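Chains here go by letter, A, B and C, matching the order in which they are written, and residues are numbered from 1 within each.
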């Protein structure tokens, strides 16, 4: 198979690139203390929250944007970004789906998330974040009966200030890194989940994020807390319209798992990647970290990353609790001029902690992709174990695939295994499939799907289907 | 020499041996036969001290000492030596080191000093010749890249060097062609003596044509259901284990 | 005075007394000094030095040796029993009395750098500093600034040298002040030539010097070069080595890099595979005890299609020793049909030992087969059991398996004098609880 054909296989048009034409309430570009005060006021936040934000802002001013990642992009002008954009009519929020702006619902339709149908069919509660505001949260009532809190973070600040105060910033401190500090100062919305002791959340929780307005940055903040013995599976989907300027997305996600708690966090990230010449696309700088505070707690990250012009993202686990478990399963697909520097950190602090990392990278076109991972075994992490597998598949000879795994081992009773391979789709595999009557296109799709199988099987069922569909869209339509 | 009394052994909660009793005296060759899964290998593994086997009842005495209280290496130093069915590959450990370290450990346990190098060399040369092995083999890593037959020869070579008092050979005949079988059997036969006992664990009668046992025991479902002389093995060959199982049932 | 300046002052003082010499070499030294001054010593903020702190070197106050006095008996005891050609250096100064290059076949030249410069400086000028000067990492720049002694090995096209060429570096006890030296090795292997170079660092057990060696090796078309670097420097020595190899078409470079000594050790080994069919093999072993710090950074740059690399490094760390491995396989755009394999395995014998490992792949071509694997952990318990069933006590069994772990790297070593030396050293260096020196010694004797 010719290389160009292979490349074409992965070149695609961005299917989610439309703009929703609704009026929005947008702050002019620029960032200073007044901007932050405006956001805080707009959200009707208590004083402590504003102070927290301002403190983060002061720290951010002293920090430098990190440059160690294998990424190349022009400097970001933080004064050119608008830090707040909410769909109009914030005063009279829809109380049921019927009241939701039909255009919004149409947007979700186009994204393939028919909110009510999908929610009803799959039993998924959806919290949709449109630009900066949480538009609606469904199934709140059913969850309430189980004792699960699932709402926007803004609402949580008002309704459950003690819970927010107790956990916010305890996993990702305000000054953790440049982008986390920025987020702490200006975050506009995001989800809050609290699952009390012993409760297994009765349904999958889900949020869709979408950047719609021009020149806006999106800074959502998600906080999920599972008390002892609690369990939750949370799904997150992201899309953005097609625009020719770059947009910044700097989110923070914090997860806290107490004794025996289990949090499964799945992401399908399909932000606009820019066009094939690298014009436009989302800059995605995300800090995601889970804290396995309790004994035998478990946090599992699964991500399918196909979008964004720039991805800087390392979902991590702090394995503090004895016998706690961290997992990271990732598929990242890059094409065009996309650049992704992604991976994970597993920090083994407690005794008997275990972690598994499975990362699959597929690079094509002129894209560059790096796996960057850290496995750190502390001196007290007796008997800790890690297994890491990161495989890269190259399609075409103008892309790059890189692997930078850091392993810091300070304990003789720990066991680490790391394996990595980089290769292209085997001609013999393709030939074999084709000689069985399968088209080139299907053969590539099959092989790539097979390559990603270990990760897809970690996704909740409906997401797995979506992820495979997304991958097929990515690979479709170019042969012949 | 060895007295196994009402031995019950479990692996992960499943009882494998269910009251096995067996006495072996110096100068005797015993063969334990039985169908797959009867617990044949479990017996020799427990005697050698492999982890993961829980003795829930019964005892094993060796010259009156409680074997279960002895460390793995103590058992070996005292002359209880197991020949593995699947000898483990130990990359990088040269055969010569293993033989020398093992022999010296045994001598130390007997209160003897280390074997002088020339004497050791002479001994090794003689034994590898007996096993029809090439001298280059001494510099190779233990069992690494060995064929099935070479691994089994290596097990017997270790026996010839270490001269155990009770040699336990677990399925030593598996995976051997007829020539290797002859070499291995000759090795085993050369171990036969008045002071020494041999315990053969095997599924097939074939080995027993070469190493004729004094006693044959049939192990079914964790117990010895029948004992006899070499004739019993031939009977098994003719009628299979089903016959025995039926007659017992 | 800053750390950098201390070194530059020493340099200035030395060069003040220098006689006339070709301008190019002075210019190169100056470029090195300027570069070093601009860069300064690396710090842990530097990604390449993330796990290695060189403050002790930077703060050190080292003199330059004036002579090559070394007890012949002591030197003889340290010298590897190899039948070959030998150049010896004491604290960087050439020691003719300890050297022997008699009976060299035609087509091969093995001379001290100072002599090569004197004999025909133009012949050296073309290549000297070409590789280490490329991007001048700090220690290479420092070496360049001081460059005046070392070894030059030249092989004519088609020349095959059967006996090994030994470059011996001895570090001695200096009562007043520890010394530093910056030896430079230049190897030019003509097309289809073949040789084995043994670089051996050793010395007085109590010495506390600083060696900053830089090596440049050029392999012509089809040349085959085997490079042993046996580093058993005194435990108080600082040892920094920058080895840069350039390979043309169908050439083969094999590195056996063994680190047993030194308080702080850093090796940077880089091979540029510039011609089709070029092949690099990196074989490494490091063993740290006490508070030893051993850092190995390797890079293979696949700059041409159909090039191959194979790397296997093993580390054993005991006590509070700290091991670092960073291996990078780089495949340039359009370098197709590449195979690159990399493996790093580490064994931690003590709870306070640590290892930081980072095997990297950086790939810009699609028709490649690259893999890397690392493992860190303990010994195989099935093997421990198997040895115990042969009567070995648990400690001896673990000791033997640790030795075996190292032995896998030694299997590739074809010079018995080296593999036996390393094996003995490892056996003897094993923790008291399973010292196996006796066992290996008798076994080695049996081989004779």
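Throughout what follows, contacts are C-beta pairs under 8 Å (C-beta built on N, C-alpha and C of every residue); 3 or more make two chains touch, one makes a residue touch a chain.
These figures come from a predicted structure and were not determined experimentally.
> Sort the chain contact graph into one of these: line, ring, star, complete or other.
It is a line, because the chains touch in a row without closing up.
> By Cα centroids, which chain is closest to the centre of the whole protein?
Looking at where each chain's C-alpha mean falls, the closest to the middle is C.
> Per the centroid of Cα atoms for each chain, what is the distance between chain B and chain C, given in Å?
48
> Which whole number of Å gives the spacing of the CA centres of chain A and chain C?
Here the centre of chain C sits 45 Å away from the centre of chain A.
> Using mean C-alpha positions as chain centres, tell me how far chain A is from chain B in Å, no decimals.
Between these chains, centre-to-centre, one finds 59 Å.
> Within the complex, which stretch of chain C touches chain B?
That would be residues 380, 382-383, 385-394, 396-397, 400-401, 403-408, 411, 438-440, 442-443, 445-447 of chain C.
> State the interface residues of chain B toward chain C in the complex, per the touch definition above.
My answer: residues 48-51, 71-73, 75-77, 81-82, 84, 87-88, 90-94, 96-98, 100-102, 104-106, 109, 114, 117, 120-121, 139, 141-142, 158, 162.
> Would you pull the chain C residues touching chain A in the complex into a rising list?
Contacts found on chain C: 47, 51, 333-334, 336, 346, 348-378.
> Please output the residues of chain A touching chain C within their complex, sorted ascending.
Residue list for chain A touching chain C: 3, 68, 379, 392, 394-424.
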